[in-house]
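Per-chain residue numbering starts at 1, and chain names A, B, C, D and E are given in the order in which the chains are listed.
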Amino acid sequence: MSGLFMAKVTGSIVSTKKDDSLVGKKLMVVQPIDRELQHVRHEEIAVDFVGAGVGDYVLLTHGTAARSVFEQPNVAIDATIIAIIDSFD
Amino acid sequence: MSGLFMAKVTGSIVSTKKDDSLVGKKLMVVQPIDRELQHVRHEEIAVDFVGAGVGDYVLLTHGTAARSVFEQPNVAIDATIIAIIDSFD
Amino acid sequence: MSGLFMAKVTGSIVSTKKDDSLVGKKLMVVQPIDRELQHVRHEEIAVDFVGAGVGDYVLLTHGTAARSVFEQPNVAIDATIIAIIDSFD
Amino acid sequence: MSGLFMAKVTGSIVSTKKDDSLVGKKLMVVQPIDRELQHVRHEEIAVDFVGAGVGDYVLLTHGTAARSVFEQPNVAIDATIIAIIDSFD
Amino acid sequence: MSGLFMAKVTGSIVSTKKDDSLVGKKLMVVQPIDRELQHVRHEEIAVDFVGAGVGDYVLLTHGTAARSVFEQPNVAIDATIIAIIDSFD
């Protein structure tokens, strides 16, 4: 599921036992949506980079792009919230 | 969803709070299509590289390819419009 | 959609406005199939590397593999026809 | 299927004949889920990095991220369990 | 479709006209399965690395992992059989 997806933040997960590169980062549950705000595909997890909260419409990136916006350590990251969507035109 | 997809540009999104590598770039909503122009899969977002507008039929690329057509900073990019389709043969 | 897929070449697209790395390359429309030649997934685009034509059964590769079979410039390529299938055993 | 997925560990596989980079690692069967614990997509395999067991809810990563949490040899790895989920908020 | 998938080997393909990195390698048709041996997703092609034959249950890897288990030339490879599954626990 690489690519740039629109999504709605629906929650978060709590994890104590995890790779060190995830420590101190927020792991958000995100539901991909289309421009009509309909749910598409399935919920996934994305690390927050822009201060997104539950209910926000956001933009997800994947793979190398998802890691590269963070300083190291970032090795385990494969999906990141890189923007908050203000409006759909 | 890596690969090269045919798509129709259906809109754009506006974002103030975003990774720096997205500043000044157009974030287009694109609906993947087949050669019969039928909708397939789901809408996603792609950064415009060729001056595409709403209604245009375009070619999307993903992943490293999507970043590499842009000068840096390009780190957050994972999907890009790399061609406008003139016709289907 | 990374991986190696069987597909049938169903057409091609014409594009004037495109990334320089696509100039002089054939952009084929390909329909992924299974071993029974049934259509699976959806049509995508792949750059031809082996002289494939409409009606040929071919093998697609994606991502880094799709770029690496070509000499540079190849940056925008994310899917390539790397073999013509003679028969299914 | 790149990205970060929630999943439930449902079993494991045993393999004698395998790439050297998999020797000594646990190959777990994982069923991707959403926040309501409903099954989504299909079962896949992930290498365990955090001591997860059958019945645990975990976080999966893919691709380069899946390899990079491990010391070498790690070449064949494309999916890894990088966290145990304590709770969904 | 990156990740580690369980699959059953269902056949092979023959190709004369192909990228040089595929010469001398076996191109197997593989049907992804779940732990109950039910078919999931669609057939794809994977290069054999472990001497797998038709009817074997195997483990597939994708992307960089699929290339890296092979010596060069390996550039066109995007999916590889990296283990034979003895049993499901």
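Convention: a residue touches a chain if its C-beta (ideal position, glycine included) is under 8 Å from a C-beta of that chain, and two chains touch if they have at least 3 such contacts.
Just so it is clear, the structure is predicted and the values come from calculations on it, not from any experiment.
Between the two copies, subunit C and subunit D, the Cα superposition rotates by 145°, quoted to the nearest 5. Look at where the CA atoms of subunit A average out and do the same for subunit D: the two points lie 19 Å apart.
The mean-CA centres of subunit B and subunit E are about 31 angstrom from one another, to the nearest whole unit. Those residues of subunit A in touch with two or more other chains are numbered 1-2, 62-64. If you draw each protein chain as a dot and join the dots that touch, you get one closed loop, with every dot joined to exactly two others. Circular chain order, beginning with subunit A and continuing to subunit D, reads A, D, E, C, B (contacts as defined at the top). The part of subunit A that touches subunit D in the complex is made up of residues 1-2, 10-19, 21-22, 27, 29, 42-47, 62-64, 67, 75-79.
Put simply, subunit B touches subunit C in their complex at residues 1-6, 32, 34-35, 40-41, 49-51, 59, 61-66, 68-69, 80, 82-89.
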